[in-house]
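Chain nomenclature is as follows: A, B, C and D, assigned in order of appearance, with residue numbering initiated at 1 for each chain independently.
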Amino acid sequence: MQELLDNYAAVFLAGILGTLLVLTAILASRFLAPFSRSPGKSTPYECGMLPIGRVRTQMQVRYYLFAILFLIFDVEAVFIFPWVVTFVGVGQAAFYEMALFIGILFGGLVYAWKKGVLQWR
Amino acid sequence: MSPEEQQEAPIVPPPPGSVADLFAAVLPDVKFQAAQGALDVILTVDREDLRRVLRAAKDDPRLDFKYLRCLSGVDHMEAGVEVVYHLYSYTHKHNVTIKARLPQDDPRLPSATSIWRGADWHEREAAEMFGIFFEGHPNLVPLLLPEDMTDHHPLRKDSPLAEIEEWQAERAGLAAGEAGEAEE
Amino acid sequence: MEVEKAAATATPEAEAKAPAEVAVEAAPQVMPKRGVEIEAERLRPVQVEPGKALYRQVLPGVLQVPADLVIAAARKSSLWPMTFGLACCAIEMMATYMSHHDLDRFGIVPWASPRQADVMIVAGTVTKKMAPAVKLLYEQMPNPKWVISMGACATNGGPYTRYDRVLQGVDKIIPVDVYVPGCPPRPEALMDGLIALQNKIMEERKKIG
Amino acid sequence: MTVEQEQGLETLEINVNMGPQHPATHGVFRMVLTVDGERVVDLVPHIGYLHRGAEKLSENLDYRQAIGLQDRTEYLAAFNAELCYVMAVEKLAGLEVPERAQYIRVILAELNRITSHYMFMGAFATDIGVFGTAFTYGFREREYIQDLFEEVSGDRMMYAYFRPGGVAWDAPDNFKERVRWVCRQTRVGISDIDGLLTTNEVFVARTRGIGAISSQKAIDYGLSGPVLRACGLKVDLRREEPYSIYDRFDFDIPTGERGDSFDRYWVRLEEMRQSVRIVEQAVEQMPDSGPILPEKLPRRLRCPPGEVYMRAENPRGEYGIYLVSKGGDKPYRLKVRSPSYCNLMALKEMTVGHYVADAVVVLGSIDIVLGEVDR
């Protein structure tokens, strides 16, 4: 029970440090920088020119496909990280399970590739 | 230098067999005033038949001036505004300079963009710098000056140079000079 | 062809148009008559409010002096200039960034967007058509920000000062901290300007806040 | 303007403003791209953000003073611009340039072409995505050549060293050894960049077939220089209308096949090698001593009335000086025919239909210098 608690203590500590880092990153500039508001500062940056056109434009539908594909392989990477870290002590079976996991996702990628989603028509 | 000292260039007739004779052969009914410049032959044409001359210069196989080198405006004050076309042919490897002089009060000229696509910006620049109006130019909007500045023609001889203004940082009190120290 | 007729003028455009003429698609707009006076509004100097940092109000006086020192030392040793090359001085500025005259050792990293930049090095001639863009870029930079006017053109118009379309000095529209002389200034001169800016930051640490 | 989609979901077109302050526009060039998703549908270039009136000011400077403005107009290859302007004045005034001065001029002009192409290599590769590496290579090599320029003319970029009739003062005594050393160093630099980029698979994939233009269209638009030679035309002013002493050197003219961005890069790379060949031949043939200015050069040069359109082969294309003189010591009208200005007219023709990322590549491949575009 004790080492279980220790494990969770480590995770808990990592969580605190993570949020602390993020908070200082955000609040430090708010706290230290002499902030001054001006009309020009709030306009979106367009290489020095006043912005053209409207912000609310319907985007191309193809961007959605790229976003979904990225999401899938990003989540896959999240699952691979813990596996890689504990790879030595876990034993043979984990390797084949992960191979199967990656194989299925690779199948999805091949399907998307053949469908021509990766090409910007 | 004052206008009195300005002398006109002496008209030196071009050597026989030069481009001027080719032009005379191709367009017999157009009267050219030919002269030999430092490098190429210069033909001065009236404004009325300029378009036909340029069209023939490009399409006629004997002339074949497919390459518009440069199109520039020259302001001769009372003597009017002059538009100068420098043409070159890659096949015959010969050059020509075609000039058209416009009266100062009515600087109007048919556009050459339909003949050479490369004339587009040259004409827009000549238009905004000298106030020449090119008829038939698809988009005669100032190019080097801001788009909405249409009555200022800097390259004209009568538009003056700017005076040297006082340097900001020396003038006391203006924020620009002492921006470093934020006011207490 | 109808466009030609629309623009047919008094001159006897007599002969028939050659059919092979490329149809000119847009009608030539009649140019709106607008004068030079609209420039005045575009060239008005930028309003500058240096703004007050929170830690100055919260921290008691005795703690502010070391805080200022640390913050100013941090700011001066990581100046991020916005790549704002206008003309010939930009090539000399790039030569200064590159390995031969390396600026990375000062912690100076050229950055493309004004949002993360601290210094705006105005390298080149500021024309009146470019002035609104310079003002907007300066406003879009977060405080604290500094401006280095590199070269004679940015300081007072340089060799082009007598032309009426050139702004005689960028300090007519935005406040300038360091003027670097030269046309173009040598890389060593620009480095000297940046070091002068660093010293200026250290000297004025109490005021910037 | 909405764009119909196969699935019936119509999307609006976005106006992307690649404005005056942009890392990929090589200065203050602005183009408004109308973009349908990733594909460029329309492109409107805006120039004039660096219009400093060099032509208007030259009308109020005498012939020697206007040399400084020519350097600042074409600031990447100042020697070539000076050479073209100075030859125009010599043609008008009928001055004879002594031998040694001609050789010094050709050597410096060709070396300046190499520095300009180095700058192109760095900027073009950065546009493609080889961020920084090619820039550091290019600028390292430029420094070697700029050191030589500084020894000869006293300045790194704005030389004002050529004069109508020759050069201002004689080159230093170790000029020949220094030029030979710089040529050896340049050959190493060229092979570095060649090895880095030409066979780089990503570089070729990003530039082959992008921004292609046919040779008829190129001539119709008035393109010149490497952009025109990339379309397969063997056209070089140093060979067709040899000016100065270019007819004494043998060098060949590299041409591309398809006129796309890779060919333009490749033509400039080969041109650098040809320039080194020219410089090496020029150093061998150069007389060791001799006058550098004609004897009877008047203090205040007055040109007889007349006009001339002098053209020279600049790194970017045909750089022309149309000089009108009405007597007196000031030019009456000085028009600079800038190659980048003419090459930019075809930008829309080359870019529409490609992706947004390729618009940056096409603009980079034309290699514009804004001082010369806006004059």
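The rule is simple: a residue touches a chain if its C-beta (ideal position, glycine included) is under 8 Å from a C-beta of that chain, and two chains touch if they have at least 3 such contacts.
All figures in this text were calculated on a predicted structure; none of them were measured in a lab.
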More contacts between chains, C-D or B-C: B-C
Cα-centroid distance, subunit A relative to subunit B, in whole angstrom: 58
Inter-centroid spacing, subunit C versus subunit B (mean Cα positions, whole Å): 32
For subunit C paired with subunit D, centre-to-centre distance based on mean C-alpha positions, whole Å: 25
Centre-to-centre distance between subunit D and subunit A (centres being mean Cα positions), rounded to whole Å: 45
Overlap residues in subunit A, where contacts from two or more other chains coincide: 47-49
Shared-contact residues (touching 2 or more other chains) in subunit C: 50, 114, 129, 133, 137, 162-166, 208-209
Interface hub residues of subunit B, defined as touching at least two other chains: 142, 145-146, 154, 161
Interchain pairs in contact, sorted by label: A-C, A-D, B-C, B-D, C-D
Complex interface listing, subunit C residues touching subunit D: 82-88, 90-92, 94-95, 98-100, 112, 114, 124-125, 127, 129-130, 133, 137, 153, 159-160, 162-166, 183-184, 186
Interface residues, subunit D side, partner subunit A - complex: 5, 7, 9-12, 14-15, 17-22, 30, 32, 36-39, 355
In the complex, subunit B residues that touch subunit D: 1, 5-10, 37-40, 42, 66-70, 72, 74-75, 84, 86, 90, 93, 97, 116-121, 142-146, 154-155, 161
Of subunit D, residues touching subunit C in the complex: 19-23, 27-28, 48-54, 56-57, 60, 68-69, 72, 75-76, 119, 135-136, 139-140, 142-143, 146, 156-158, 370-371
Residues of subunit A touching subunit C in the complex: 30-36, 38-41, 43, 45, 47-50
